[in-house]
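Which chain is which? They are A, B, C, D, E and F, in the order written, and residues in each are numbered from 1.
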């Protein structure tokens, strides 16, 4: 069995059970899903300072996952926080929802649009699109005007708002694939795909499936992220890896 | 069980058994691999005219795979021949080695290099890099000076030639990941990764693993390539889909 | 006299006379125009599978044109079907409407827009813009909502629809040049240029004029497309060039 | 007959006869070539200040060409000096060698290299590649270490130096087409194409052929560069167009 | 004291006093501002031919500034006219408003929009964005429909029109920073920044501050623009530098 | 007087005096320089995990600088660590060496090269080049094979190694400007500029001068980084800004 750990990088256990339920429903038969959260920190990461606030514990959880024998971890936020640092510290695959969604979407159609909660999110996310090298495949960002907290509170209204913006993305921006740009925009994949007539990528599902693939490649075929150059780890004898 | 069909798009059965052996060794437990070839056509696709020569039968095999209940197909050549047409014709996932390798490599390091047999191959392959939107992640193409036929005949010499060029790609071009740019450059993944100290992506392995992921997404979650716009199929009543 | 062959890559002779009339009206005095069609195949190429269906006969016509002493051929569809394969097979210039229009438009203004029939066409055409390297010069695609068949049936309505979309391209997208993105959008060049106040490029006219230039360069100065690397032809002794 | 004027934008009549000879040898039968020079100014334009020094007379010659009934003009320097201003002032086609060569080369192969005299020339020329939108098609610049004056004095040595650098461009940079980046690198097209095995574009020949095509389009079909936006001319009543 | 010369590159002294007043209000304590104009030429540079008309005197003023001991000059027009030539001729820093604004704006937010007077201006200005390498940071151009002359006559109407277009740039195009794309759009920086809630860059202010920084770097630390390759000056013994 | 704080983001006071000496030597007369360090953390930031380790204290120092009335801060490391978070948290200008150097270099020449210590550094730094939007202006990265610690210990050897690599960057890669890609590569600006014949940008000097300019713009003209969208700060009532 491959063991994969989904990390909710927020300081609340509220979402763990729900997330575990989702993952159990979509996991490969040979994979055992685990979900964890952080002991402290905000309950959402809309601000980059909040990403910073959870980074230390997040990285400790990632490192512990490796020593505990996990075959891969997922950092469960669409900002892909601390991805570079995590890959520097461990050798097991570290999967991030935006990176996974952008690449999978690129293989499902000519261009994709990303539906975000607020305009605040776009600069960092577009920066990530540039870092991942996929700006040519980006049709547009579209915002629904929901904070993460409101997303959690009003899922039905969120779903309708997503449909409105996704339809504009499809008709006006030429998107062939829709990416939901927040792990809180989850649970609608099948319904939205059907209603919109294009694939709608749920970042929870896609990140998980991508993690299963990388865990498999790592455990059975010995391939994971490169440890040369960018992800070269700090030397142990400098004493900062405790 | 998910059934996936690997298509060797060449007019010879010579490689089928060998390929089936590889796939059996790397497949998910819940996947059943199948391998097929074409009845006629060249034994390699180095020339774009040869890609054309096999297109008709290849597309028929892809369509038959869908009606036979396969959950995904792989077009087993690194030129990704007839990918657009195949996706237009069917709703099951169609996976192509270059597309899969480029996206997976992009999630394993900052930049990748592609080791090809001959310079002849580069213009179309670089065009594909542009179509897939990943030119920023491309460190370089490096050629070993082998035709496909020579690759099949001299695998040990091929392996050594790959190491020479991959080392240049790593040291001179800054590649963190190496992609082997031909399905005939297969079987060396573990050894080369170990010797070179960076992940080396075997297009057979990566395309297969990507196909498993997409087959799973398709069968269990209802998501495959978009059928809107680019992959919209021809209308049946025009009579050309027999 | 330079002999140039315009190939209507569809399975009907319906357009040949009309096309020959156009070409006779615009040709250089030292050029003799010929028009041909295919024996079988769809009457339009809106679907990529249809491009495939005509490829075999199209390539045979191109090769025969070379052995018959033609100085250039034009593949008369704005998808530029089989262009790479055709150039691999022959040494005479092979001209394609989209490629010719994009480059000529780039020398006539800062940015151009392309007026297409349906959104279906855009992904492949935008992929071609990327392959030709001209994405920075593309102001926009605009669609009129006409299939090719409707274009042929309702030329007056088509013309008015083009004007509506071209004006948006000019005013909203900043286009300085308009490209008509289908060889069925032909015959309006002068009128549309006058009414819109910007150059409007008819793909039939521009492809033909570009072909005259390349035929001249080839016959009189010995320069045509490179036969090194990308367009290197298959070796005769492999037996697939019959 | 179409009348086209080649302007040697330098303050010497030395090259006129030679240039006229070349153009008579390559012109279309329905074209009458004319060559002129400037009354004063440097005998080469390697420095941007020199481009400035000839701009005023050059623009007057261009405007006079239009009022004299010419069907097109060519600005005979590979820096394409004063191209934007000239097109703003006149409605007849204005052709520039770099622009014409870059676009024609793009239709003859996957990538081209430009052989320049000195590194000094590259920043402006690469800036022009960016302005023309073709950076993806540029394999490399290669320099031969010749000033324009030395080019004129030592044509045989120049030719050999071009071969050395062009071979590197082909073998190391993957160029499929070679562009000679100076109108003084002229007269070798056939020989160099034969010796190098790839198309070698002489900027005099290509600019002239492109001018013939645009003159034809302009005179017979009413299409030339857009006069909207970028090339909108100054209003006569402001009094600066004397 | 660092002496910096602001050049109004137009044939009128009308703006000098006003400009000097602005510069005295914003200058560093260790800087002495000077303002000059040209003896002849248009009173605005909306047309590229007008840029040409002032180039000769402009370059003479730049060269004289260097021999008079100025520590930097500013070419006071948002087209950045004759920037390349000026830097070729002198070693003191030459600052241009668009270049300075684009770079400063890039360090103040994710994307900027440029508010121009007329669409006519955009092609050259967008070409400059490409030359400066910053197209990814450009959210949009927005035009207010004012000529330079009308800008000077109706500053209040101009201000309101800027606000309308800037708000669209912020809300529809995602601009985080607004650049005023004409030195005649000056004097509103504080008010507009306050009313729009984002930094609004006045090209007079930004160009001046950038010039102060470069003058300081040049005089005190010996660094100015590179004189190798692109800005290599013409040799004196060729006799054209009088 | 403008007060600007240089932060050495490392857990040692060793460099403070030296740095203060440099800044006093280059500062504007109306600026008072301050230098500080962190209480704990590594003595270099070659690893991204180390950037993380100092982030918390670094952000606290940045916030304290704002409440202490500083007019700008500089984050003194060429990785530009925590730049996005710092700008989110404060309204005073936050300057980072790589961002400042890349933009200033872009205004001093056509292309620049960056001399780094080890290849390890390049992926993040090239990612920053992409985020800042300046990939077209990057001639190359060149590495000298020095860790930061060795840089500090062997400055003379470092200087000679920089010269070797910078010369290659100039001659082989066409760099017109050299950027020293580490704040430990400091103190050589004048000597290296003289010996190499091109401007060599010391990140300490350039970041400081850029900070002086932004502090001036902020304090006297009310313009700093945008607080809309990307740098929108967390709401105080969520309680995480203590």
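Here is the rule we use: a contact is a pair of C-beta atoms (placed from the backbone, for glycine too) under 8 Å apart; a residue touches a chain by one contact, two chains touch by 3 or more.
None of the values given here were measured: they were computed from a predicted structure.
Colleague: So which chains count as neighbours of both subunit A and subunit E?
Modeller: C, F
Colleague: Among all chains, whose Cα centre is located farthest from the one for subunit D?
Modeller: The chain farthest from subunit D, judged by C-alpha centres, is A.
Colleague: For the chain pairs C-E and E-F, which is connected through the larger number of C-beta pairs in contact?
Modeller: Between E-F and C-E, the larger count of C-beta pairs in contact belongs to E-F.
Colleague: How many Å are there between the centre of subunit C and the centre of subunit D, using C-alpha atoms for each centre?
Modeller: Averaging C-alpha atoms per chain gives centres 26 Å apart.
Colleague: Per the centroid of Cα atoms for each chain, what is the distance between subunit D and subunit F, given in Å?
Modeller: Going by mean C-alpha positions, subunit D sits 43 Å from subunit F.
Colleague: Just give me the whole-number Å value for how far the CA centre of subunit B lies from that of subunit C.
Modeller: Once rounded, the distance between the two centres reads 31 Å.
Colleague: Quick check: what residues of subunit C touch more than one other chain, meaning two or more?
Modeller: Subunit C, residues with two or more chain partners: 109-110, 119, 122-123, 127, 130, 135-136, 174, 176, 229-230.
Colleague: Taking all chains into account, which pairs touch?
Modeller: Those chain pairs satisfying the definition are A-B, A-C, A-E, A-F, B-C, B-D, B-F, C-D, C-E, D-E, D-F, E-F.
Colleague: Tell me, which parts of subunit B touch subunit F in their complex?
Modeller: 109-111, 136, 174, 176
Colleague: Flag every residue of subunit E that touches subunit D in the complex, lowest number first.
Modeller: Its residues touching subunit D are 42, 46-53, 55-56, 59, 82, 84-85, 88-89, 119-120, 122-124, 127, 130-131, 229-230, 232-234, 238, 240-241.
Colleague: Can you list the subunit A residues touching subunit E in their complex?
Modeller: So the residues of subunit A in touch with subunit E come to 119, 122-123, 126-127, 130, 135, 141.
Colleague: Please name which positions on subunit B make contact with subunit A in the complex.
Modeller: It is residues 26, 28-30, 95, 99-100, 103-104, 106-110, 132-137, 170, 174, 176-177, 189-190, 193-194, 197-201, 205-206, 209-210, 212-214, 216-217, 220-231 of subunit B that touch subunit A.
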